[in-house]
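Working notes, structure below.
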Amino acid sequence: MDEKNTPLLEMKNIKKDFFGNQVLTDINLTLKEGEVIGLVGENGAGKSTLMKILFGADVIRETGGYAGEIRINGEKADFRSPFDAIASGIGMVHQEFSLIPGFTATENILLNRESKKKNIISEIFSERMDTLDRPEMEQRAMEAIEKMGVKIESKMVISDMPVGHKQFTEIARELSKDQLKLLILDEPTAVLTEKEAEALLESIRGMAKRGIAVIFITHRLKEILSVCDRVAVMRDGCLIQNVPAKETDEVQITKWMVGRNVDVSAGAGKEEAKEKEEGEVILSIDRLWVDMPGETVRDVSLDVIKGEILGIGGLAGQGKLGIPNGIMGLYQAGGTVTFEGKEIPLNDPRKCLDSSFAFVSEDRRGVGLLLDESLEWNIAFPAMQIQNKFLKNYLGGLIKWRDEKAIQEVTQKYIGELAIKCTGSQQKARELSGGNQQKVCLAKAFALEPRLLFVSEPTRGIDVGAKALVLQALKQFNREKGVTVVMVSSELEELRATCDRIAIVSGGRIAQILPASTPSEEFGALMVSQVI
Amino acid sequence: MKSRQWIFRLGALAVILAVAALMFVVGRGHTVYFDSKAETAGGKEVAVPYKIEVVVDGEKAAKLYEGERGMASTMGQNFKMRLDITQEKGQTKKTVNVGMKLPYSMDGIVLNLPAMLAGLPQEEYLSEFIPVPSAEELKDEEVVTDEFGDLTGGSEDAGMEGDGSE
Amino acid sequence: MSRKKDLRQTIQKSSVPLMFVLICAVCIPISGLSPSYLANEVVTRMGRNAFLILSLLIPIMAGMGLNFGMTLGAMAGEIALILVCDWQIVGIPGMVLAMILSVPVSVLLGIFCGKILNMAKGREMITSYIISYFINGIYQLVVLYLMGSVIPIKHTSIKLPRGYGIRNTVSLLSMRQKLDNLIPLKIAGIKIPVATFLVVALLCLIIVWFRRTKLGQDMRAVGQDMEVARDAGIKVERTRIISIVISTVLAGIGMIIYLQNMGNIATYSSHSQIGMFCIAALLVGGASVDKASIGNVFLGIILFHTMFIVAPKAGAVITGDSMIGEYFRVFVSYAVITVALIMYETNKRRNKNRAGKQLETEQNGEGGAS
Amino acid sequence: MTFMERLKEAVESFGLPRLIITGFLILLLIAAPIVGADLPTQISNIINRFSWNGILVLAMVPMVHSGCGLNFGLPLGIISGLLGATISIEMGFTGGLSFVMAILIATPFALIFGGLYGWLLNKIKGGEMMIATYVGFSSVSLMCMMWLLLPYHSPNMVWGMAGKGLRTTISLEGYYLEVLSKFLQINIGNLSIPTGAILFFAVLAFGIWAFLHTKTGTAMTAVGSNPTFAKAAGINVDKIRLISVIMSTWLAAIGILVYEQGFGFIQLYMAPFYMALPAVSAILIGGASVNKATIMNVIIGTILFQGIVTMTPTVMNNMIHMDMSEVIRIIASNGMILYALTRKTEGSK
């Protein structure tokens, strides 16, 4: 066994598709002992899918597995579950904390791997009746913390810890596993303060010295350059660059991340855009904060011009989704929002809707639809409730009776206009495909005949054909009815193809607003500019 | 490792079953009735003492004059009692300690004390007591199966009454 | 500032026990009951109920809330006692045999209950509550129709005259207070059931020890976050079932101790209220739906049962109608559970809202600086 | 093959327990004439009991629609009804008028209690059912004290000896005994149909049906189906839930009055305890789930449930001389609730 020559990890020709939708193509990646590799790429570039495959996540198997092969120390690995991966020495620190809030750091570090002492009862019943050996656990936890090189209080309860220490507890947990050879860190610095992040980088260097290989996923390019041996850049499911960190710089990496074969259709209607830039401001947002878990908005000020399509882009978790959700009152928000000169009170969806706003949520199944009701109900409901449409009045308006016929008519109209594939207007929304559900959501918003439409991730999780139709419908709605549209999307190219101007959100703040015709590289740089 | 655990488990189960079996033997309760009645057995009449005091477990269980019956509840098959016998009125007591094995299968056992004292064989003085259900027991009883039980009377009160008698 | 906050939190947390101290303080003098009588009663009830209430602790630890399904264990205990009674096994051996006999029944019922609760995650309490009614139906089927016809029952003192089914009350005279009086002790006129207390103390030790085992640790983990525990490789479903099984078995044994003190079984109603009274007592002791300690159990018994003894007398003195006090204590039992449930749910929601407040202050702080 | 599949699908959508219960009732109906029970009498019994209980089951509908879950707090509404009934008698109304007055007096109580109850349920979203159960229990035991303490004097209602404190059961003879049942009653041989009571149920059921077709009713259904959707569509979710709770409570109050006029007695003290579980299981047997219920579910469920309750004792007694009806009822009704609770309810969160 010559360990020097066999790499620790070899990934050969990894391919993966989700129901025919190719998300990874021919990924080849090797990693030596003690090597630190930085993995970068836009959201949806395939980073997390790749890591899920490596970690044996259940999702991968449930969706038909993957093609290609993974070798650990030269031996072919086939992980049936994350536990297999852990057994072969792979550790992963996820973005979301996987910690028991009421346990101490020690208890969390050694969760389900506690030191135990035998006793009579455990001999009879099972090992689960062994008592815990607290002193030894304490010692093992301290060892792991020392390995990490960052001091955390081993006896502190997780819920009392600052966020950074929670992150370190997770890392210490991985380090406490003796078999650990490869550690995957998925955006570990996102929740850390600057000082803590620096400490983490120091600890990564320490781990590498001990021979542990690290895959480091982050949007902070500076960190990659300072700690990694090599940088791997992913884009659209392909590994497009894999170079030593010393030979590159931030600008170049950014270019690799976003620079794709630029679509010709981008920046459509440039002249119109110019014209609109000088138009009247219809909506003005001032110092908005929104508490949306995972999409916190911190201090956003933004003007929307009448008649335009404004795009809001940015990386996941940076707060772009929080903006429409906060304004529409679905999450707690603060600041001032002025529409046509009138201030709109926040945290009250009704007031927004009364001011002729409409919102198509990114969470179709959770917020956008009544899954167990008919299409008629889904499309007509908000218009009925807010504008008293589709109602028959009896007894001088005392009784507002649902006008089934009018509802059916309007539903049929939108089914036709948006080409919604369904068995009829009575079909349950649950039974439709993702793309058609999205169209129903649009129809619901169109039926409100709004003057300002927020659309959030309109193409998430739908197939290519439906995507084009949805975007087309939006454009048409904007051009023909003169409705101002604010569209939030994580797909930059989609924004560039649809919008007049694009605002990039980074770190919960607006980084800059640029015309859609600006080259992708510039947007890419903005996206990572204030990442937290 | 696993098989060792199974052996331990089976052992534990065996111990528990053994305890249960032991309880069957040790805990079997009997009600012993004492008769102080004349008995004619084998053509011989047995003399009945004036008074017999029966002491079981250090507690006085019964004081029997001729023709009377007393009872005591016991546990287990080894039955011991002390009899304080006064043959004639005014005479001093004579104490006899009796130990015997009770038959397992009988709930109620009648002991004819004079016959026993006269030294007759066991089958002569020991017989099974078969209770005749009292009229109250035979009365049809309506079963109360409220889903909610007796909410206010409360089973707790029954306990209170019980304690009062102490 | 933080100390002030802590103080307020402790007062808020112990508001229910405090309220009961107040009720007792007002009612005791009014009732006119002598202190020695009161002490005697409370000590007796402590011995009678402690074991049963302790059986509730483990499901709370496993995050399954108040186990209204403890009634299942009580039913298992009753079935065992009825059989033992018919076999004429008396005294302590009879109790031991009944306990051994109740275990397999409790385990079966516990597994059933645990499996159903795993199917109804998030609404364990209402489900376990309905399970107790459902099993009560099965219990009636067994005791009222199968006993005597399928399961042999010999003695007419137990059996209904019609030939099958068990009478409304089964006398436990042969076991009555046998455990309580095993080691007789009287201090200042107060009878102390030493042996019962020893059994309870043993169970307390076992619970303390259990918390320190691997299984106990797993239960705490599952109780706080099922998903995280699952990711760490803990068998969540199995652990939850085990916690319910343990609780049911303990409740069965507890019921046998309870009934030996009472001296008779009310065949069709002894178990139905036991769950409610035990849960109320535990909550009065300052426990909540997700946190309970051994201390809560004993404090709860003292406060709740003092109220229970005193209320009817005090009510009679005040209103001249003894029923008022009876109803009052039932009302208080239910109200305590209601209040505890409401506090649990509102706390859950308050914790959710806290994050938003933090962000607002953060933003305002920033605004002030810039 | 395909037939079997289709059958399996049908069974799945209908629910196995529901199928068993329906099958059981059909079996009872077939068995009844064979064992010598008079079928028309049995059927009139079922119809009668339907007319008594229908509205109590109907009281489940609004809360299920708004996503508050099964109304285990039904006793709260029943108490309002009882207050209406006793106060109406205390004020000296008799005959049919006492019924009308009972409804009128019960209404403000139902509105107040329902309002408080709804306000509470809005504070504890997600844990409604358990808390509803205990709110019901607490209020019943509180009212136990009140029945003794409130200054009632009508000699027909208070204990004869003490002259105060209401009796546990109060006869409605001379008050509103069978005012609805006797109205337009149809008698054909042994078959009798309480037309008035059924009409009354029909009117209320139509009212609920109509309400669910109005703007507010539509909003209520949407709140129950997906509260986040409703919130995003500008609905005041809390207000809609409050309305639904008040409606349920009011219907329960009316329901108990109708029950009493058929049953013939007012039952006080612990009696309301018994009322919630049968109503809950009836609507579930009728095909409702924890967050979906229709008028049809109410009608079918009440008939099935009451059918089993009335038929089993007679048929079983005649057949095997063993009255196991009580046990069967407990197992079937609670089993049904358990089944509904263990179903996954997607979209409700």
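We just call them A, B, C and D in the order they show up, numbering each chain from 1.
Here is the rule we go by: a contact is a pair of C-beta atoms (placed from the backbone, for glycine too) under 8 Å apart; a residue touches a chain by one contact, two chains touch by 3 or more.
Nothing here was measured: the structure is a model prediction, and the numbers come from that model.
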Closest chain to global C-alpha mean, per-chain Cα centroids: C
Of A-B and C-D, whichever chain pair has more C-beta contact pairs: C-D
Computed distance of Cα centres, chain B from chain A, in Å: 79
Centroid spacing, where centroids are CA-atom means, of chain B and chain D in whole angstrom: 55
Averaged-CA centre spacing for the pair chain D and chain C, given as whole angstrom: 31
Averaged-CA centre spacing for the pair chain D and chain A, given as whole angstrom: 48
Multi-partner residues of chain B (at least 2 other chains): 145, 147-148, 151-152
Multi-partner residues of chain A (at least 2 other chains): none
Of all residues in chain C, the ones touching two or more other chains: 133, 136, 140, 144, 323, 327, 330
Contact footprint of chain D on chain A as seen in their complex: 328-330, 349-350, 352-354, 359, 361, 363, 365-373, 377, 381-382, 384-386, 388, 391, 399-402, 430
Parts of chain C lying in touch with chain A, wherever the complex brings them together: 209, 212-215, 217-218, 220-221, 224-225, 227-229, 231-234, 353, 355-356, 359-360, 363, 366-367
Contact footprint of chain B on chain A as seen in their complex: 123-126
Chain B partner contacts - residues on chain C that touch it in the complex: 40-41, 44-45, 48, 87-94, 96-97, 100-101, 133, 136, 140, 144, 155-157, 160-162, 165, 167-168, 174, 176, 191, 261-264, 266, 268-270, 272-274, 277, 308-309, 323, 326-327, 330
Interface residues, chain D side, partner chain A - complex: 213-219, 221-222, 225-226, 228-229, 231-236, 292, 346-347
